Amino acid sequence: MRTVKRLAVLHDVARTVGAAWPTRGGGSRSGRSYAVTLLTPVRPESAHDLAAHLRGLGRGEDSPLAKLPYVHFARWLVIEQLKTDWPGAPVPPPRLQSPYLLFTVSLTAPDEEHVRRREDRYVERLPESFLHELRSRIPSDVDAIWGHCVGYPGTGDAEAFVHYLAQSQIETALFHVGYPDVTVDEVRRALRLREQLIDFARDHQDERDPSRLQQAYLQESPTWLPSS
Amino acid sequence: MASLELNDIQGNILRGYGFPHAAYLFLRADDQAGGRAFLAETVGDVTDAGHWEERPATTTNLALTCAGLRALGAGDPVLAALPDAFCEPIRERAPRVLDDTGESAPEKWDEGIGTDASHILVMINGSEGNEQPFADAVAGAIDRARRHGLTLIHRQDAHALDNRREHFGWADGFGQPAIEGGIDRSGPGQGIPQDDGITWRDLKPGEFVLGYPDEDGQTVSGPAAWLLRNGTFMVYRKLRQDVVLFRRQLYEEAARYGRTTGLDATLDGDQLYELMAAKVVGRWRDGLAIELADRRSEDESRKLGDHAQDDPDNDFRYHDDDGPGFRCPKGAHIRRTNPRDALGWGGRMVTRHRIIRRGMPYGEYLEGLQDDGHDRGLIFICFNADFERQFEVIQAQWCNDGNAFHLGDDKDYLLGDNRGTGKATIQGDPPHFARAQPLIVLTRGCEYLFVPGLSALRQLAAA
Amino acid sequence: MSSSGGPQGPDGEGGTGDRPEPGATRPPDGRGYDANQFGRARAMTVFSPVRPWYRPPGGVLSLRVVFTVGRAVTGGKSKIRQLSFIHFARWVIIRRFPDHGQPRDPVRRPLLMFESNYNGTFDQYIDAFSYILTRGMTAIWGTSYGFPGPLPVTPFKRYIRGNEFTVDHYYSAYPAATTTMIKSALALREPLRAFNLRAATLDPTQFAAEYRKLLTRAQDDL
């Protein structure tokens, strides 16, 4: 009896481990959220210019990334060389032959349709669909950045562009998502809703008359919640 | 456990003198030789933490800014080893880190404070009944400074109010951290909560005095070690309080609170005021923690301004019995400044963010609701081993922000909400959303200083 | 009346506004104070070289096992989720750098990349990782060269700082919001929706009572 139990436990463990083992896209995806990590070699003589260009980009809603609707967080970082000046660093230290551009994105797709093709449940659409979006939404920004990179084909040819960046993708081993399966749009709307409710609650703290309270609420709350 | 070298540590760090008179003299050393000579002559007067056979009439303590250390010739290798927070000009740091913006911005600060001209701070305290010796000591220090070619760039006088009050009307100074090897009396609740839910542990001295192991087992080393040993870092902030605005707003808010909760049926305006006051601070005005007593009798309530708790019970926690904050609101001042176990994990995330406070009110006490246009407030002073980890976390992360307590943008009601959500939630059934007020506390000066040990001072003074 | 002049409201995909963020600290490369920060969002990017399998507990395979277990346990009530100041974080194992036809980069050692988007200070972040995710930290960074262990925390911070990079461009879709605010906002949607469905149909007294109940239940999210 105990052996059977043990086998059952082992079986469960094996199934859990098997399901969680990073397969193609497995580690990079968590529900409808996806972690894109791209590393592209930068032409050494261009590295400074690229870094300066990135630092000069507009921030927040002026960032080119603001035009990508599913992106929660993203960063660009030029790695000129690996850091080796710390105790315990390996000898010889790992060195890069060229600088690299790191681009990471945390995004959440709005529905399953964006995640996989309807006809074939197992074909992942991410990250290809995201890479297509980069090209279609912010082509000149993308050219200005990846134009500094070795082998970059430009945004002219969609297939070549997507292929280049897909080849640059590194699989994520562990992706932690603080708020699973909500899009940027949903987050923004929820934040606005919260703020409006707080303002209403604070401003009507003193309302003693229930019908006036109700009236005020019915009048104001439709502006908080877009009908959906 | 290393015992503390009390005769080398300045007295005001480990001991709350409890003296009612104080003077803070900010001096500029116009030349290195003069500055050092001044130090050499003063160090003999500096009060250390050693045992007092009898209480002195006055005490003297010394602190230095980074600009001061530079002016005194501490040398680049030493200065480079000092923390960024200490060396950055405070007029640049304070707006960015401490949110001293708008009416609290450095442009509005008192003349001289927080500038490159501020080098040496001489702190003189006078005990009860010793006004003349105190005045003499202050005059003596000013004269000595002049003789050595130093300039007095800013002087601040302060004096204690009756019943341990600060100007908003609270008995203050409770809940100091309990330190291993410390000399001030301390009781349960002042240290670190232990996992048994009952006992408390004293904090490692290195959290407050450099040169001793801190809670992470670290101690000082490097080119500045000789200077840092037995010293500590000090925050000096002049906080102007608008007493009338505060009281008026609190009365109105208390009335609203009475209506929200229905307590206006049983409590009158004054009683509601006292309850509201206890809710926003976390202590009743006489010092008793609201966590220990969520109501006071009518009789007690009327007398809260007249006396201070001698030795208020500090033995309380928040997490298990008051997680939701129905007794002591989650954003109450003392819950923000010392969350105890409120952040979970048994209090582990609070241990390294404690400070010792030695402030003193300045200006005359004002009764009632008529403003007299005079300047009054608090000279806030605290000691810590690390500005960024201790004072700045409390100020920036816990008072000027609500995120740590899941309170979003809500700021500490007591310190004033310059630019936040404008609310402070009093948790309950139903909750009450108090309107948080701007401009009740304004910063009128800030300095980051270093309080050296006596041998370090002597070494610095040696030409 | 909406809060004015505060940190950018939720629609404020806008800039940092004129409010300096609480406790901004200088990032490791000595650049400006806000380089690794945008609004209240902070970026951390760390690369560390992984020890080979014959120097235990090194090896990419061990790491893969650790992360597989990690993925199985970082759901629901896991500790990392309770440390509710992390928006999104990831660990990436880099075996080789994509070279696109240029001479193959002989980075002999695999790299472990860690990136996080979080709130609060760097120190508080590492403190939390050290004190609360102690075993996780040991399991993950234990495979990297020079890892001093999660406790005491000071050498660990120095190690991370030594391997940390400053970003050149950092983007957040809602820079004024913290993770707990977002979670609260999301938690409010359903109760509010349910309340709104009934709001018009109730008589005033019932409305007032239900409204009060709504606020009482939701107060921790407001």
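Worth pointing out:
We just call them A, B and C in the order they show up, numbering each chain from 1.
Keep this in mind: a residue touches a chain if its C-beta (ideal position, glycine included) is under 8 Å from a C-beta of that chain, and two chains touch if they have at least 3 such contacts.
What you are looking at is a predicted structure, and each value in this text was computed from that prediction instead of being measured.
Chain centres here are means of the Cα atoms, and by that rule the chain farthest away from chain A is B.
Chain closest to the overall centre, judged by the mean of its C-alpha atoms against the mean of all protein C-alpha atoms: C.
Centre-to-centre spacing of chain B and chain C amounts to 32 Å, using the average Cα coordinate of each chain.
Averaging C-alpha coordinates per chain places the centre of chain A 43 Å away from that of chain B.
Centre-to-centre separation of chain A and chain C, using mean CA positions: 13 Å. Shared interface positions of chain C, defined as residues touching 2 or more other chains, are 3, 84, 181, 184, 215, 222.
For chain B, the set of residues touching two or more other chains reads 408, 421-422, 433.
Residue positions of chain A touching 2 or more other chains: 194-195, 198, 201. Against chain C, in their complex, chain A makes its touches with residues 16-17, 20-22, 27, 33, 35, 37, 39-41, 51, 54-55, 57, 59-63, 65-66, 71-79, 82-83, 85-90, 93-98, 100, 102, 104, 106, 149-151, 164, 167-179, 182, 184, 186-188, 190-199, 201, 203, 209-211, 213-214, 217-218, 221, 225.
Residues of chain A that touch chain B in their complex: 194-195, 198, 201-202, 205-206, 208.
Within the complex formed with chain B, the chain C residues making contact are 3, 5-7, 18-20, 22-26, 33, 40, 82, 84-85, 119-121, 123-124, 127-128, 131-132, 151-154, 178, 180-181, 184, 212, 215-216, 219-220, 222.
Residues 84, 95-97, 99, 101, 216-218, 324, 344-345, 348-349, 352, 388-389, 392-393, 396-397, 400-401, 403-404, 406, 408-409, 419-422, 425, 427-431, 433 of chain B are the ones that touch chain C when the two sit in their complex. Those residues of chain B that touch chain A in the complex are listed here as 256, 259-260, 408, 421-423, 432-433, 435.
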